[in-house]
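Letters A, B, C and D mark the chains as written, and numbering starts fresh at 1 in each.
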Amino acid sequence: MKKFKITFIFMLILALAFALVGCTNDGGKTGEFMSIEEIVANAKALSNDTGSSQNYEKTKQPNFTVPAGGYDGSKVEIKFYHTMGQNLSTVLEKYITEFNKTYPNIIVNHEQVGGYDDVRNQISTELTVGNQPNIAYCYPDHVALYNLPGAVVTLDNLIDDPNIGLTAEQKADFIEGYYNEGRQFGDGLMYTMPFSKSTEVLYYNETFFTENNLSVPTHWFSEGENDTTSLEYVCKKIKEIDPTSIPLGYDSEANWFITMCEQCGSGYTSAKDPHYLFNNDTNKALLNEFRTWYQNGWITTQTIYGAYTSGLFVAETGTRSYMSIGSSAGATHQRPAKVTIEDEDGNEKSVYPFNVGIASIPQMNPNRPRVISQGPSVCIFNNAGGSSITDQQIVASWLFVRYLVTSVEFQAEFSMASGYVPVLKSVAENPVYKAFTEKANGGDNIAALSAKVCLTQESAYYTSPAFNGSSKARDQVGSLVTKVLSGQTSNVYGFIAEAFEDAIDECEY
Amino acid sequence: MANVTMIEKNMEQVTRKQAVVRVLVKILVYAFLIIMALIILFPFYWMINSSLKSLEEYKETIPTLFPKHVLFRNYAEAFDTASLGSLFINTLYVGLVSTVLSLIVTVLSAFAFARLEFKGKNILFAGLLATMMIPGELFTITNYATVSIFKWQNTFLVLIVPFLVSVFYIYLLRQNFLQIPNELYLAAKVDGTSDLKYLWKVMIPLSLPTLISITILKMMGAWNSYVWPRLVANDANHKLITNGLRNAFSTTTGDVNYPVQMAAVAIVSAPLFLVFIFLRKYIMKGVSRSGIKG
Amino acid sequence: MVESRHQWKAWIYLAPAIVLLLIFTVYPIFNTIRISFLEGYNPLEAMNGTKYAFNLQNFAKVLKYKNFFKCLKNTLLLCVITVPVSTLLALLIAVCLNSIKPLSRLLQTIFFLPYVTNSIAIGMVFAAMFNMVGSAYGTPNQIITTAGIINNIIGVFGLGPVNWINSGSTYLANMTVMVIYIVWNALPFKILILLGGLQSVNKQYYDAAKVDGTSRARVFWRITVPLLSPMIAYVVITGFIGGFKEYSSIVGIFGEKMGPADDAGRLNTMVGFIYNELYSSTPNYGRASAAALILFGIILIVTLLNLYVSKKRVHY
Amino acid sequence: MKVVLENLTKIFPSRNKDGSEVVAVNNFTFEIPDGKLIGLLGPSGCGKSTTLYMICGLQAATSGKIYFGDDDVTNLEPESRGVGLVFQNYALYPHMTVKQNILFPLQNLKGEDKLSKDEMLERAYNVAKLVQIDELMNRKPSELSGGQQQRVAIARALVKMPRVLLLDEPLSNLDARLRLQTREEIKRIQKSTGITTVFVTHDQEEAMSISDMIVVMKKGIIQQIGKPQDVYDSPVNLFVAKFLGTPPINVFNGRVENGAIYIGEDKVASANGIENQEVIIGIRPEGFILKENGALKLKLANVEVMGRDVSVVSTKEESANPIIRSIIDADNKIEEGKEEVTFDIKPNKIFIFNKETEERIYLEGQTPTYVPQKEEEKVEEPALETVEETEAVEENTEE
């Protein structure tokens, strides 16, 4: 029996030895970071047209030609995968019944598969056996993946078709940046239609800002002593006023990193090989700077904090924040719960504890603004992988997609319900939507205020290049930010350098 | 060998000491068991406790041991948002049908392995046991392709058929059958009872506890399956508990309402818990009776 | 045993099991082996005729990949700690349960509870217990919004709040939480088997030991454990097999990112590694199959090792 | 080491919940002299095993005292009593070799009794030689025969030189031939070690053959204590008479009439000094003398020749059991085909018992060798439930 005890203890020692191995993470290298002033100067030097202007001449023939006579009116069933929750599905259903008034024989079954990754995983598995749906929410890198077996219908012929295509006004009505997102796959062909978009905005505690006469920050880093409109200055000031607070909560680490790359013109990714360019001195210096901001307790992010930073922004007691950069769609969540107070003549009134202001996010170069554009597009699948999808189903799918993306009423109602931004310019004039945006204020209709801000920064939208594996880069830079900000190390330079290298290895694995 | 005078010490004192030791040990045993039981119970208590709190109270710095004001509403809300009703029915249906079918397959196979002699029996059984070691993910992808060829997506068939054969239960039942003396079988053979009659009349009654515990454990399997159902049968009227539960609460923008999620978890665990309480004796006897003698 | 005249009858009884096994177990194994040799096999590319070299590149790529060894280390570490700890704990509990009469039925029910629950669901509960919202790192004034119930409990004993699973938590803290959760999950089945075994041990051995004046510890190590050794061997072997396939318990606590916020994938296991290969933006079935076969190989070796060790030590 | 039991009583809560109790051992008082081999004898359920387990401490006594020498060990743990116990089915640790089994008790010795390694080995080998299993030391119990296992169990019990050796039905698991041989072994071992030994058996032949003293018990009450021959020759009541002796005693209904014992019409023995009454008469099978027109006339059934002597099987109307068996030596002849056979009765082989109380009535010339306990000391016995011996043993003996 002695033997039994000995082996047991031996196993425990082995385990402890393993555990210790896992703890060392101080990179060996040492060196100097680029100075922030230099980065700001480079950013300012950039002219407005560099970066995301792409040429769209077609290098390939579209893979789908519209059958003669377009839709023959036959009974057709189409399947639509999306990530809409309960409230958005009800809006969708309303417009499906509307759509069926003109096309009674097109039956649209729609299904919430889960999050965006779930949709991708589900379709990538179904594609292997030809079970793919007809229409699906998609992001650029999803489409890159579906294009491996060429399963996505190129919409050019459908768009240009005389009787079921888009009229010139309809085409012009699309917001330029969103429409072009559909044809950034390197061959100039149109793969996706923009469905509903969102961007990032800066929410700030307007009441607090006016009380302490703080100005809304317009750029990141202070230039000179008396620069009171830099985010750096505002954070420092807020920290002095309320030391227990975390001045700024930035929800998405990946968006933050990619936006900084766009604003500073430092490399992130490219559609052509080599794809991953984010391991450069500018980015390392930026993250180092933000690391010190984090250690001063000025900022936190959703993953580090463990929950959406909107929780901090609306908090009344305990730790709270006074600025939050998050999705424009999440406006309603950035508004504090109503509080019942006694007004002067004693009767109870429920009112918001503070007013929320919304502004566009700080920029490195004010006349070259860059802000991320996100939100799903939709794509249509063909009969790749031996699937039984017929041309009529493709045409029917196109009719449904065209109806949704060009119907001003749908775009207006969907945007109001979701907080997303409509893809059509004319939605701004739609009476219902106009009334909605007029009433915009920091309280009850905060969603309208967010929509108004989004409309003002339409020209600043950028989208990252889409290629198979681009979402891996996005995941890696996200965890890179969290790791650099909250990682414990004694040799910061080495630690950051190694973190960047690991991220690149991971992408190229 | 002269009798060794063993104990000169005063008898009284030794007896008393031993009585004290005996009581002490009893206290120690009970203390150890109670502490371990509390550790096992604590997560359940915490689940119930959290599920009755409001979101704000749930997020307070010092978690409260009992909800300030009890919100049964969470349970109702959990029931609708995750549409637990249909999830339950689906899971129950899949669980029952797959359990009954797999019982038949298990009993027949165990009978063959325990009673009948045929070439290659041991190799086959060893092969079967080896499949227990293979990680499930290995099968998922290929089976997905096979199931699609059969056009079984979004049906109950696809949730039931692939998992009818569970090697562990065949092993468990075979052990149990082996304990039934062989003479019984030979005697039955002599007076002409067919295999099936013998199986039905003698073997099944004798190993009833094990069969019942297999049924219960198999039902629980349906409750816990997660990856496969999501892949092959994710539409509304075929969704099972776990994948229904999983993305019912992950709202894209706002915070997840943890208390309601806990409530859903509690609702999901309740039936299994009740089933176990009533059939505890059988489960215990079933598994131990098969006395896995290695 | 009935002579072999009844050969065909046996095969008829086994027919349903064999047919299903062929389709849903044997065929996938061969298919996986086939794919594991196709370098970088991606099903979507394969659909439009991309050809794949038939070589060992997949295995080479997996074995050279730093992440693979991290996953292997996590899996091995979890197994080597949780299996012995849960077996010993289960043994102690079973022996104590077997020696008392009052309350024993109630306690048995309680100890079996974790077996009845859904591992991902209870994972959420554990995550909530160990969770600590708010950053406790770096900033001088240690901002902690909610410290979680566990930290409050250990606070009672004067220990400071530990950052168990949030960003900035140490590897050791994460592993401790995982070990606690896995042992908590593994106890019921082990107690059940060992208790069953104990009840079939002949009482007279204990009477004999009592007359021989054996101390409780010696009774435990020299009589109970050897007599239960077949059960213990079985429990350890199935423990290792289960342990190597650990995945859903980590998803339960850390979510699909398999690690604290600042170091996603830190606790990723072998099955998690395979999963990432299957369901990533660049699905690579070749490498996933190779990794799965490697894992199967390791489980096989460890199980054979266990069988060998138990052959020597176990008394039948 | 003298063992004294004083009013030892054990009451079990009976299995069915009607609250009735079972008195397994009813107010035992007897003394086991030092160095003697005592047999506890009785039908199953008479409390013999319970008594044994109480002596060894595995069973707690409900009341009464147990003394080893002058130490009161009643509530002492078995290990401190210095007892050796041999179980009915040996309870050898299956996973240990014979040597490890024997060494096991020695390794438990603590304090000043602790032995060095080779002292233990030496003791183990001595005791192994004593029971003649010294060449089986490295075998596992499963590889040994019943008899060998028996001897290993005895060796394990003796090795720690206990003050008292207890054996629970040591021979019941052996086949007939081994039983005889092992019986002698136990006798030899006990004599050579001189250790006070108590063994329990339901086989009266086994008890009588090797015990220095036997204690006959029935339903928890001592019937008679004494040397085997005395108890055989002078049973204190009908139960003891019937229980001892193979073949069993022949029992008749008869009467005492003016100084003589009559079975039916036959006057078989003189009984002067005893008033007339209906009585039960017991005659030992070896108490018959074949005699032409003897006192007792029996209808002859058949004759079984067993070599050394002849067993005459006959019937009589007044006989309680279906046949009467008389054993006479082989040289007297019985003609075949005779209807009737007559015997005279040896005076010391006939006993008479009171019809109601079945107590022995001593004829003149017969002296009582044992005075049963006085009536009132007995714990009144509420339920006359006969309880199967092992089943009544308290279930949760302390672990």
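Just so we're on the same page, a contact is a pair of C-beta atoms (placed from the backbone, for glycine too) under 8 Å apart; a residue touches a chain by one contact, two chains touch by 3 or more.
The shown structure was predicted, so the numbers you read here are calculated from the model rather than taken from an experiment.
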item: Interface ranked first by C-beta contact pairs; value: B-C
item: Centroid-based (C-alpha) most distant chain relative to chain D; value: A
item: Length of the line joining the C-alpha centres of chain B and chain C, rounded to whole Å; value: 15
item: Centroid spacing, where centroids are CA-atom means, of chain A and chain D in whole angstrom; value: 95
item: Chain A and chain C, separation of their C-alpha mean positions in angstrom; value: 37
item: Chain B and chain D, separation of their C-alpha mean positions in angstrom; value: 54
item: Contacts with 2+ other chains: residues of chain B; value: 59, 61, 141, 246
item: Residues of chain C touching at least two other chains; value: 99, 133, 145, 222, 226
item: Multi-chain contact residues (two or more partners), chain D; value: 77, 80, 398
item: Pairwise chain contacts, counting only pairs that touch as defined; value: A-B, A-C, B-C, B-D, C-D
item: Chain C partner contacts - residues on chain B that touch it in the complex; value: 25-26, 29-30, 32-33, 36-37, 39-44, 46-47, 50, 59-63, 104-106, 108-109, 111-112, 115-119, 121, 124, 128, 130-143, 146, 161-165, 170, 182, 185-186, 189, 195, 220, 223-224, 226, 241-242, 245-246, 258, 261-262, 265, 268-269, 272-273, 275-277, 280, 283-284, 287-289, 291-294
item: In the complex with chain D, residue positions of chain B that touch it; value: 1-4, 6-7, 11-12, 14-15, 18-19, 22
item: Residues of chain C touching chain D in the complex; value: 98-99, 101, 202-208, 210-215, 218-219, 222-223, 226-227, 229, 315
item: Touching residues on chain A, where the partner in the complex is chain C; value: 1, 3-5, 7-8, 11-12, 14-15, 18-19, 21-23, 117, 120-121, 124, 127-128, 141-142, 145-146, 148-151, 243-244, 246, 294-297, 300, 303-307, 318-319, 384-385, 468-472, 475, 479, 482-483, 485-488, 505-506, 509
item: Residue ranges of chain D in contact with chain C within the complex; value: 56-58, 77-80, 83-85, 87, 89, 91, 93-95, 104-105, 107-109, 156, 160, 396-399
